[in-house]
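Structure incoming, see below.
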């Protein structure tokens, strides 16, 4: 028994959502992911288990085979994940269109909270299409199909940013769109080259040699948030609506991780790119005040682990990468949801504006801590059973330095995501804000997320069974648990020291740190120097690129703009003169070619 | 009857022209034009089917054997182009009825349809003939009728635009006839096949490159290859909507066909590309056309003019394909003739709808139209997607072949430039979408959706541009076969 | 120099003189008359080249009807030409270079009228030898035009018809609708509307809005759409002729 | 007008001859220079001369603009009709040989198409003349 391509259900669902209201719409947005998940599990899932990879609904296009639905273990895993993520996201966003949540929101919380019906429709439809596009991309069996959904991902998701309906979100969305369209064009370019070289457009492993491979890598890299092209993540996520960010965080980057795993498993450069990604965002994250942006940096950091795992390329590493992607969608979703809840109820996400919310939002605070524990890889939480696979694989393959960096980054995760997020939002100094728990559907969504985090952490076997490669791995041995606990304890100590000495997140006191733990001595210094250097280089590159672009555009405007010689109308006499000049030029050229 | 189709394809619309003029009633003239266009569609499709199954069709007019009499000669190449022209004619003519009633005074309407029929038969006549002088004769018919129709535009500037087109078009036609004259001097024949046979014997004479030059300049002027495109933007901008849609999708395409016919069939690939290195001229010019004209389009604020500049860029794609001188390249060029006709027809027709309701196609006047004219703007977006080259549209098929042709020759630079051209198309289409969908409309102006009689033909082309983007097997097959035929240098 | 060559040269010199005179004169009436003379001289030249039919047509159309039509046009637009703003140096240089290259390029052309020219070797001899047998028309030109290549002639007839369709579309049915600038708005005015009617129309439309415009406030077609800069061909006015 | 006696008398004498010459050129086209095109122009010239001398009003009474316009269109119909006749009688388009036996068919065909040409050219020339002459000066 096979099933329809999963995106179909979502696209049809989007149409229905656009046309319905109220209870029917709510039933549809919740039903579509659940029905989709069920049909995928019972249909293609069983077929793959029984008889291996399935290529379905193939058709011919100008001599190439399009495969809109390729099901194998890798794509199925992401397929299930995206259904779950979509379900969580829609539960979380269910209150949209009901007017202000609970009617209790303070007057001055800004425009983001009172969501009218029009915006709600836009968000639901966009989210539905977005999730469908992500599924389409994951099940694409060829580069053309992939390209279509790749661009659709960009186009549909940008509406989630624009849904905030402010000048800034509009500008941000536009930049977001441009970089993703560029990514798509690069993907298409690479596909053309690959088709030209191999005669096939199958979306499979691509050797990292020649222009095609590198262009493809760059295309995937933009979506995955590789260093220097990562800015869209930290720019766009904080600009979206509270509910929109939950969707954004789930799909785009994970599709890129999937694509990398599909095409570039075992490509060495990915190890170093991934390591860099785990590493550099930490400095930004520590300095950042907007908590949703902190989560954006954390996102890059987590993807870094996955990218490095894919780069290592062994069965365990790739398994670890995709498993971590699975876990990440859920715990990062949970964190974004908790911050979204805070934002919905208070209208703020700045660390300095918040604090002390645990008094009025105890449930949200608790659930947030669950997410924080998961991302920090506490034993019995999801990241512990997934990230460790990547670390182990790194050691197995003798990438010790990489392993050290990842260890450091893991501590950094605890620092900026595990502790900073819940601490500044719910504890720290009391900001005096008194509010309520968010709407019930938000709490339900967060609870499901938290339960999943724990379930994966406690019963990793279910997840492991879904992984694409066979392996024998047990996360709960003494060595792992002890190592991780040590790391966590020292990480926590570091944070406490920093806060108590009054130097967090202010950076001027770094020299006074009494250092016993390697990362703690290095940390502040790195924050100041390396982080600063990265920021300076980044800014310089950006400024010079923008300078060049600006001057090119200026020149273009002069020659091609309304009154430029290429755009304005010419007098007839000049036109004819021009023809005569060309006639002479052609004549001379041809007589020359002819041999005079 | 069916053996006379090659002649009837041209002369039925031609005789309907004076009939339309004599009827002197808008409705009757329209009926004549409608009949002529649909007859042409039927005849051209029948001919294409026949050519595909039986090979080249030769029709000796007056029963005189070529080269003494005039021959109509249909192979895959011109049958394909004839179908393109006739398809657009058949779709535009029902559109014209409503659109023209609004834009042209009623007493002019019968003569307008007369001119429309003359232009159609002129273009078809150029396409099917196997005689070079006959090409010139029908070129005159189509050009003269085009001038008069453009001049009917509502804006006074239509007159200046027509005047310039008249001057430039006449220069182009004259150059073509001078080139033909030189060829006649050197061979004593006007029949294309006969010319191809007799030219090699006199290739060492310096008159041949002169003929070659005049034909290059004349034809590239007619097809508006940069930098001889100067007549095009204003002509397309100020012509009545239906005329722009028809002209933009057919007139330059037929000139591209002439380029292929003259340089591949008559002069022969080896001479044109080997000795004269025509590609050295065509490739840089077409690349500049793609980049510079797309850039101009980005800055343009009159949407019809924007699309006109985009047309010049798109012509660049066709010529670029041809300039590769390979089967893949020429296939890309031929495919783009058909594909661009569909998408640009749809886009200009959508702008015609806007013109009908808003009375202007200035970008500033289009704010909020996405809500007020949803079907029109959706059609624009559909055509725009194709122009950008999004998969599942015809534009993608063309670009795919084009890039493959570039890669086949290891020409990475050109492949990259084609992609950049697509991005630029994205920008200028987006510019319109942004205004239409994301800007607030003037609330005090009441604008309704365009009437169905305009929307249906527009959407026929939009759907066709998706249909042939999804199932490109037929068009691609015909174009590939035609390209192979051209490169074999004969028929 | 044979007498024919002498006539040739005289006629060509006359042609050149007339041509230059047409370009030089600022009086369009004189230019039209000179153009007629130019046609007549060309007709003479065609006679010398044994192309009697062509000469006949040139005389009838070029020197006859076209002159009348051009005079008719002058009656509508006046007979004074604006002084050109640009010096003709650049065009002159371009024309000289192009012309020079062309003369060089065509220097290998077969000599005019030689029997062994390719043009006289292929189709032409067939017409000369066989056309009478096949059509019984003594004038080969007629049999070629009206029978062998009658499809071309059909096309030419259609061209002539197209010309009249074009002219009638533009001229014979009253003025074209015009876009005029009124009170900051561009509107389309149906043909046949007089200024008084327009003013009345505006008054009716702006009633209550206060102060309808004067009749003279209407400025038919002047200037360009302000939003549409760059669309108006610049310098067109100074380039006439 | 009345004082231009010489012009009027001269024109009255000339016009019939011009027309007869037109007929000659038309029908003699088979044997010497000339044919439908030239004949059409000559007829039109005679008419234009009449209009110039006796005024546009009189000319319009002789031949209304509409008639000229119909002539222009009818000529094309006649020409193409001869072509279609070829198909109807079982030959190719424009095939005169099927119109009658041997070269007689050629004669019929040529006379037919020349008639089309002369009608169109005459009609077009007169219509053009009317179009230009019938307009007022723009800037007056």
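By letter and in written order, the chains are A, B, C and D; residue numbering begins at 1 in each of them.
To be clear about the criterion, a contact is a pair of C-beta atoms (placed from the backbone, for glycine too) under 8 Å apart; a residue touches a chain by one contact, two chains touch by 3 or more.
The structure presented is a predicted model; accordingly, all values stated were derived computationally and were not measured.
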| item | value |
| --- | --- |
| Between B-C and A-C, the pair joined by more C-beta contacts | B-C |
| Per Cα centroids, the chain farthest from chain C | A |
| Central chain (by mean CA position) | B |
| CA centroid of chain A to CA centroid of chain C, Å | 66 |
| Computed distance of Cα centres, chain C from chain B, in Å | 26 |
| Geometric centre distance via CA averages, chain D-chain B, whole Å | 36 |
| Between chain D and chain A, distance of the C-alpha-averaged centres to the nearest whole Å | 80 |
| Chain A, residues touching no fewer than two other chains | 562, 567, 569-570, 572, 583, 587, 591 |
| Junction residues of chain B - those touching two or more other chains | 11, 14, 17-18, 21, 61-62, 160, 164, 206, 209-210, 213, 234, 301 |
| Interface hub residues of chain C, defined as touching at least two other chains | 102, 104-105, 147, 150-151, 154, 156, 158, 161, 163, 167-168, 231-233, 236 |
| Contact pairs between chains, per stated definition | A-B, A-C, B-C, B-D, C-D |
| In the complex, chain C residues that touch chain B | 102, 104-110, 117-124, 126-127, 147-152, 154-156, 158-159, 161-163, 165-170, 173-174, 176-179, 186, 188, 190-191, 221, 224-225, 227-228, 231-233, 236 |
| List of chain B residues in touch with chain C within their complex | 11, 14, 17-18, 21, 61-62, 64, 67-70, 105, 107-108, 111-112, 114-115, 118, 121-122, 125, 131, 133-134, 137-138, 140-141, 144-145, 147-149, 151-152, 154-157, 159-160, 164, 182, 184-190, 198, 202, 205-207, 209-210, 213, 234, 237, 301-302, 305, 359-360, 362, 364 |
| List of chain A residues in touch with chain C within their complex | 562-563, 567-574, 577, 580-581, 583-584, 587-588, 591 |
| Footprint of chain D on chain C - complex, ascending | 52-53, 55-57, 60-61, 64-65, 68-69, 72-73, 75-78, 134-139, 141-143, 145-147, 150-151, 153-154, 156-158, 160-161, 163-164, 167-168, 171-172 |
| Residue ranges of chain D in contact with chain C within the complex | 25, 29-38, 41-42, 44-45, 48, 52, 65, 69, 72-73, 75-76, 79-80, 83, 93-94, 96, 103, 106-107, 109-110, 113-114, 116-117, 120-121, 123-125, 127-139 |
